[in-house]
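Pasting the structures in now, so scroll down.
Both complexes shown next keep chain A, but they swap its partner, so chain B is in the first and chain C is in the second.
The block that comes next holds the complex of A and B.
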């Protein structure tokens, strides 16, 4: 772990990133949620904030995988003081052209609404043939561990 | 530890009480859809979907509930949800779905509507 000062004099602590790589399989998204909860808890988030990040990471994975069933999702969890940033990248085809793409009832819009409400910032991009999404959440009730 | 996903159906006269447990996500949504659509298709009275033992719900599961509501409306079936947990209610609120569904805090209240 490395520490750095900020203008307020508070010492901010940046942890080593935690990385998780999973096949795009619906029953493995739970691993992303478990990792999100662990990282948030270690970062001093309270119970509600841990729940929020757990759901937000689930939605991020769903958005990036986009109904696909092949390839791999790589998630990086970066803790910097009271902020957790998560980057999710898909190595493989997104599912937009696959049969049975699950956006029949506006699930993508629901995902975005959930992310808007639960995290401070989020976004996604398709760059260099790779779909990627990210989010950033700051704890307002941060308890340094 | 979170309860495993399960769906159980109980009949009380014309009313069907569907108890859902565990985490509702992209992995369990297809099974949930299958159960709920079959229940609505086969029901002649109100369907009460009891989410009291649900520990997690995401957009894919919300999509299943929206699809079930649409099916119920087409069939003229009254679909009612039971939710008490604040963190589950919160997801319905932030997605604006509290206006779409009839939501009660207890099974007795939902059954009496």
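The block that comes next holds the complex of A and C.
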């Protein structure tokens, strides 16, 4: 990571992804939120955008964990100019089958709706036995006066 | 919960008509049709010290605001627009209530400085400040400011801890938006079947599937153990399922 706090308003780029691996536990998802907030802050996001990304990463974890309570989530945070991308993958048995999974309680639908509202792009897939999800959020890059 | 469900095309048409000088009756129906979304989003912020009913009220007010401000011509689905508005209001609610956070005193005291700093800087700059600007203003590190903001928001991953995904569904998400009943017949059937249940079971079903409470939350509301609630839910769902099985 090459960025740092930037009172001048100049947005710096990160050449290396920040990676985090956590068990699927809600009290540890705070680490994903804090990492997202830190990465976004260092990329020059304003406080509202930081909050949006924080919530979006929370939902991404929910979406990828898909109702499971075991396994591990591996998250990568990548900054490219004024865009922060987060990739989340589930390792372990917590995933459910891609096809025919009934979203009985509308949790997945709600997560997707929340992500629609908070980020510019997002998606998720079940491939090769692993569930993954990603999101991208662009800062409007307000320049301090 | 009394308005019959419209398909997405009809909903878009309804918004277009309301935006084109609609009346209060149309507005109320649009709000009523989307109350499930407000409940669902409010639930995402529960168990963090704020009463669920208060959160539902905040979310519902934001929903009303969304209906009034929605511009159907912009090509955005109402649910997306409303979700953003409701989340924004819930965030603001927690930010305003941040003084009550259950966090170390250091974080609480910092947050007491951060909150007004955000407001002042937003006014001065004409835009939301960056975390670096807030940190500079309150004389703290960016990491500390981020920690204080995290503590104030108290967002939770409700789904990950929710223990009850195995509960049967049969379209019982009464408050859910844009999914659920395929037709009015099922809805009427369910309403009739619900009426057959004892009042306590009706309450429990509504708390679970309309208000979105967990079994533990319901247990504390109705004064029963979580296990008892679980048993009543299972029995009630089985009884409701019976109503959907055609007689032979």
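What we mean here is this: the second predicted complex is superposed on the first by the 116 of 145 C-alpha atoms of A that agree within 3 Å, B and C clash if a C-alpha of one lies under 4 Å from a C-alpha of the other, contacts with A are read in each partner's own complex, and residues count from 1 in each chain.
One rule holds in what follows: a residue touches a chain if its C-beta (ideal position, glycine included) is under 8 Å from a C-beta of that chain, and two chains touch if they have at least 3 such contacts.
Keep in mind the model is a prediction, meaning the values are calculated, not measured.
Peer 1: Using the superposition on chain A described above, determine whether A:114 touches chain B (first), chain C (second), both, or neither.
Peer 2: Both: A:114 reaches chain B and chain C.
Peer 1: Is A:50 touching the first partner chain B, the second partner chain C, both, or neither of them?
Peer 2: Second partner only.
Peer 1: Quick check for you: in the superposed arrangement, does A:127 touch first (chain B), second (chain C), both or neither?
Peer 2: So A:127 meets neither chain B nor chain C here.
Peer 1: Once the two complexes are aligned on chain A, which partner has more residues of chain A within touching range, chain B or chain C?
Peer 2: The partner with more contacted residues on chain A is C.
Peer 1: By the touch definition above, which chain A residues appear in both interfaces, chain B in one complex and chain C in the other?
Peer 2: 26, 29-30, 33, 48, 51, 54-55, 58, 62, 102, 104-107, 110-111, 113-114, 116-118.
Peer 1: Flag every residue of chain A that touches chain B in the complex, lowest number first.
Peer 2: 26-27, 29-30, 33, 48, 51, 54-55, 58-59, 62, 102-108, 110-111, 113-114, 116-118
Peer 1: Would you pull the chain A residues touching chain C in the complex into a rising list?
Peer 2: Where chain A meets chain C, its residues are 5-7, 9, 24-26, 29-30, 33-34, 37-38, 41-42, 44-51, 54-55, 58, 61-62, 65, 67, 69, 102, 104-107, 109-111, 113-114, 116-118, 142, 144-145.
Peer 1: Could you pull out which chain C residues touch chain A in their complex?
Peer 2: So the residues of chain C in touch with chain A come to 37, 40-41, 44, 77, 79-81, 83-84, 87, 91, 118, 125-136, 142-143, 146-147, 149-150, 153, 155-162, 164-165, 167-169, 173, 176, 178-179.
Peer 1: Going by the contact rule at the top, pick out the chain B residues touching chain A in the complex.
Peer 2: Residues of chain B touching chain A: 23, 25-27, 29, 56, 58-60, 62-64, 66-67, 70, 87, 91, 94-96.
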